[in-house]
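Have a look at these structures, which come just after this line.
In what follows, chain A forms one complex with chain B and a second complex with chain C.
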Partner chain A sequence: MLGTILLTAVRRMKLMTHNMLTSKGMKNVKEGFPLKIQAEEMRNVDIDYDRDFITRMIPKLDWKALVFAAQCVGHKEDLPDTLPEGYENDNELLKRLHHVLLEVI
Partner chain B sequence: MTALSPLRQPAKRYLLWCANEHIEFRIPEINAISSMFNIPLMWIDKPKEDPYLIVEMRNEGDARRLMSRCMLVRSCFELWGQGNTEEELHSSIKLFPLDMMKPHLAPEKTFRVRVESFNKTLKNAEKLKKIESLSYLPFEGKVDLKHASTCLHLLEYYGLHPNETHRGPYKLFLGRWVVDGQRELISKFSLKSRTYIGSTSMDAQLSFIMANFAQVQPGSTIVDPFVGTGSVLVAAAQFGGHAWGWDIDYLTLHARTKPTRHSQKERTAGESILSNFEQYGLKHKYLDVVVMDNARPFWRDVPYVDAIITDPPYGIREAMERVGTVKGPKTAEDTIKQQSSSHHFPSKMNYNLSDVYCDLINFAARHLVVGGRLVFWLPVFREDYDENHIPSHPCLRIVFNCEQVLTVHASRRLITLVKTRHPQEGEVGKCQVTDLNAKFRDKFFQAASLTKEERASLKSMFPRDKRGQGLAYRLGESKNKTKVLKMEAASECSSGQHNMLLDICSKLPHLANLSLVKFTFGGRVAMDHRVYTRQFEFKLGGRTVNAAPRHFVCATLCSASVGTNSGDLSPTWPLPGKKVVPVGVRTMVVAARTKVGKGKEWKSGSYSPYITSY
Partner chain C sequence: MSMENCRRDWNKVKKKISRCIAILQRDLPDIHISEYPTKHIFIGNAGLTTNADESSLVELITSVGCGLEALTLLPGKQYSFASFTSHDQARTVLVAAHGHLGVQGSTSPVYMAYVDKVPMDPSPIKFRFPPGLSVLEDFVSPKEELLLMNLVDWGASPSTAAQGSVLKHRQVRHFGYEFQYSTNCVDKRQPLAQGMPPAIDFLLRRIVDRGCMPSLPDQLTVNRYLPGQGIPPHVDTHSSFTDELLSLSLGGGVNMDFRYVGGGGSNSSTIEGSKDKPPHYVVYLPPRSLSVMTGPARYEWSHGICPRMTDVVASRNSITGLQLLPRQERISFTFRKIRHGECSCQNARVCDSHGKEQKNSSKDESKRSTSPYELPSDRSAARIEREHVLQVYDQIAEHFSVTRHKPWPQVLEFVLSLPRGSLLLDVGCGNGKYMGHNKQVFQVGCDTSFELMKICNNQGFEVLTSNCLQLPYRDYVFDAAVCIAVIHHLATEKRRLAAVREMVRVLNVGGQGLIYVWAMEQRRGEKKSTYLKQNKEGSVGAEMIKDQNIEEKPSPNYHHDRGVQKNEVVRSGATSLPVHVNRTEFMQQDMLVPWKLKPPKKNESRCERRRCDRGCGVVHGSRSNRSQSSESTVDSPQITNNCDVLPSQENVRCDNCHSKSRKKMVCAESRPDQVFHRYYHVFKQGELESLCSQLNVKVIKSYYDEGNWCIIFQKSS
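Our next item is the complex of A and B:
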């Protein structure tokens, strides 16, 4: 619930940012992650694909939370349940990740 | 492999012609860039103030890579010769290996020679003469003044002081132009044309310098915890960083604040932080900006940030705020009221400056990757500044500390810290911030209410050069020696200052030959702004000096340039006393600037006499 409160104040957010946010700063919150998403509206934007950046960000992401978030916004089918090994060379996956992380707001 | 190549290839000398501003940032910037690109760099000549630096690099590729980021270097030249006199220059050019010259002057190449003088304007005939003196070079190609493939530059340096150019150049260089620095970005990213700006948007040049200090590289993650209008992030994005930002101010992030542009009445719909990125085609570098309180960061506990670049509020132009309340415990009624609203906007309380830095440093210790950098501004009250005041943390090491002078008594320092290791258990909150930082705001406003005399004595203690730069090293050198002559009494304007000057003279036996005949003060304290003929009159070594109206008078009793005058006017009276008269207190400067006439001439009422001693 707490997570919902936080995100209602936010008008648009990328899933990349969502993956990094918790509600731990609030009182009585221990885990506070991942935040629940109640998306009222979704938009797609075009962002230049930067393979290097995506590859560098993947180890920093919480994969479970990302899958959860993708499910919330209806992009579940784009992502495998667990991060496959050798993702660095899987250009197809990286491109889909790029879309989910940066182009859905 | 990179380590071996310097052995195989003899290093070449390059001349870096720097911009004559932000001098304290010059060398740190070059060092930051060379270490980021792993360019082995050897300093040959590293003067403190002169805008010409000489370095040794492996090859031209390295020079080009270095220049691809440099903001404070105008151009880079392959050094063909240098000297302190023209003879020295020519003999040094003759020693330069011919086989390194020839390929650039070969028959199939075109060339041109330019003479550039620093702090002196040369006539075309003079320039031509200098160019012809180079005729012994093995020129074989054709001259092409517009699109030459080889551009030779003869650079002459006449010192930094505009009044001391009568002697020949101090230094001369001949170099082949290689590449320019990134100075053109300054006008491209100028705040004047930026879509969305606020009262504290960071100047474009300084933002780029900050990005360089932070070693922003393509693909890296950059955050700014006090994002404001995103001016710092735009520069980082231009250098390839992907930017996240947050700020506590909802209105700023949504561009709903009062416009700061003079002509603008209302914010337009197009203004936002994202629009700033879009303006320069950097949309793909923009991640998100979030409303967040730095005292309670909502970030997941992973080190995900490559660099933090930020300009925290100093409490002068932007308030320092955090979420909190200073009221007593909440009543049940309050709680209900809050819950009934779907949008809860928490109340804010004052955020202490030392807490601002404490939270920032702790955030850096927790979230930076090892080797990541934290770059931030720290406002300091110059008189109280001490290196120990810089916030520190066991996991962060200081790399650079450069001063930018803001006013006579206040400056800000760009601090760069690098994370050396991850914090151990319980070490995150180990940041050390001295309490002095917290007093900055109070002191800043206290200083504003100083009397004129107090300010004058401060001014002499902390000189500020015409480029508006900090002269921190000068300050360091003279700190112990300087003794400010206490300017007592003199609360009344003219007679008071008159007495004061007499008082100073009587205290200094060296000044026995300076007697004040008449010293009428116009200046800022005068009631009417009229200056009559020969009002400014005093004796110097037996000669009486009279100041004609419409003339700027500057009797400098020492070699120090008149730090308080305006540099655009040169003394019209070559006073005999311009030569050095050593005075007990180091130096004494009497200067006045008179203004008669209207409009175009000088700024109205701009004459102001100064008596300064330092």
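Our next item is the complex of A and C:
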């Protein structure tokens, strides 16, 4: 619920951004992560696929939070529950991540 | 309502109160809920963070019961406590209000429970007298009261500014000498032609006869306060007046707030650093009473009146307990006597007379001369920021946005230097001037102004609304962060430090931060900043400057002794702040800077923005544009007016649309412009470094860039 309060301040957001958020700063919140999402409307945008860029983003992610968020907005896209070893060579996975992280808003 | 509905509602109330109790038990495990009535009631959902205050709570409670003895409100908490003289009185109130009645301004009812005790109030506001204060009741008769109240014709405007004026929050008249609010003192060499009115001779004699003052007062200030008006806390300058300050209340009574400032009044770290807040007493001044401040109450305590419609008053009758009194029009007569010679008080920390003998040797003294207003508490700082930063930006957002496009070259350089795949945060990103330039990085931003965030969001930037003191991001997540022209809007050093600390928190180890703040020093050696230079260039600029004052004065008039601008003071909440004259050097560090709002035209916004697409050649582009742009900015009143930023880079990008917007601007001239005041704390050399030295960072580079102090740092661990 606290997450909902925070995110009402936002109109559109990519899941990449969502992954960086926490409500820990709010009173009485201990973990504050990941935030639940109530998406009212979703849209897709086209962003050029950049394999190198997306590979560099992955280590910065909180994987569990990403899977949770993707589920919330119905874009799980067969993301595995844990980040597999050797993901940097899995072009299919990278493409799916590119879509989930950057193209859904 | 059916039985079932009723039960469902009651279940909801039960659920709500148990949730509130859970919070209480987590916060304050020593306080226990009682099943049976006690003298103390816990109010679970009305506290300082829900915008409830003493007035609204007293109003609610006294509407259904009596015997309220005390209220306890804790900073940062959503709940509060009410204490009564007896169990029965507490029960009456709980039965009537719990789940039924709400405090004013709230849509839901209050949820209450009995508790065995209340916490110690960390900032006790006590109905007590500071030492040296006495209140003489019925000093004048009702008949004399009427006569005195009619002495000043408030409808007629005073013939000179020195005799009186309409201040932002009240009307005022001076007799004998002009009391100058910017400095809280008088010019002793310039007595007013208008001496003490003969009609009050009887009063002056009574003052001396009853021993309130050793000799006749020679300065009188008459203030008229309407309900909702007040006066910021202040101490009348020691060197200007003698020991006694008298204030006669006529018409309505009022609560006067006294705060101890003697322990180092102008040193923020002493006040804010200690956990024990300085004492704060509230004294009710009934109508027709004379309050006499001498000794500590006069020299070491500030006095002020909180602007509000009602006062919470402790009645002497314990059955009625705390009461809420609506304010009425109050006329106050303040009597003072001009001091000749030096002040004899022994408190060097608060005495300006004392400081003079030591010839500005201490750091304290120089700080005071640049900050004539008292440093605000955290709460009033937040209020200044809300009223003079957030609300202003929300109102000027569109206009602000069309005047702010050109990124400052060295900031852009930093953004463009970030390696591929970096996560970049822009704290206080405004209209997104630094967003979307580096395609190689993933950039997010936040700003406290919702209206500016709308503008960013419409351009597809990843932003959200958030205060810079509490960033909604995880720890150690960003590779870099920029914070450009943001923390100079925070009103205390503690808050400025907290903002930088937040920025450091979200940075990765080794991550770099870049901060820009506006500099007090707008001149480096012989070289003036572009901000100052614009003053000289062309007549349009000069006119605009004159225009900016609300109350126009023929020429800027500086009080050389203290380095304070006398022109204008705007009173905001608990503090009075001088108003800066645009395109002049700063006379103090804390002030309000005017922003003249011109409603933007639709045409302008169409041509001004880059979207997410942009090239990397912008740095060079803007540099080569400089010579042209300084010319054009002078022509555009909009831009000449409002630059807290490098004006040379503020011009509109394409010439075509610039001339278009210029025409529009000329048309807009005929309409009266609204002026907003933004709060600024301009930084002195070394101040930014001193903030960073308190944090876990290594300074990579600190520099001066066109009227700004700048720092690049790296998070150490």
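Assume the second predicted complex is superposed on the first by the 103 of 105 C-alpha atoms of A that agree within 3 Å, B and C clash if a C-alpha of one lies under 4 Å from a C-alpha of the other, contacts with A are read in each partner's own complex, and residues count from 1 in each chain.
Definition applied: contacts are C-beta pairs under 8 Å (C-beta built on N, C-alpha and C of every residue); 3 or more make two chains touch, one makes a residue touch a chain.
Since this is a predicted model, take the numbers as computed values, not measurements.
In the superposed model, A:K64 lies in contact with neither chain B nor chain C.
Of the two partner chains, both chain B and chain C are touched by A:F53. When the two complexes are overlaid on their common chain A, residue A:T17 makes contact with chain B and with chain C alike. Overlap of the chain B and chain C interfaces on chain A comprises residues 6, 9-10, 12-14, 16-17, 20-26, 33, 52-53, 56-57, 60, 62.
Residues of chain A touching chain B in their complex: 5-6, 8-10, 12-14, 16-17, 19-26, 33, 47-48, 50, 52-53, 56-57, 60, 62, 102. The part of chain C that touches chain A in the complex is made up of residues 23, 26, 49, 76, 78, 420-421, 423, 440, 442, 444, 450, 453-454, 457, 460, 462-466, 470-474, 477-478. Contacts from chain B toward chain A in the complex involve residues 218-221, 242, 244, 283-284, 287-288, 290-291, 293, 296-304, 342-344. The touching residues of chain A, counted against chain C in their complex, run 6-7, 9-14, 16-17, 20-28, 33, 45, 52-53, 55-57, 60, 62.
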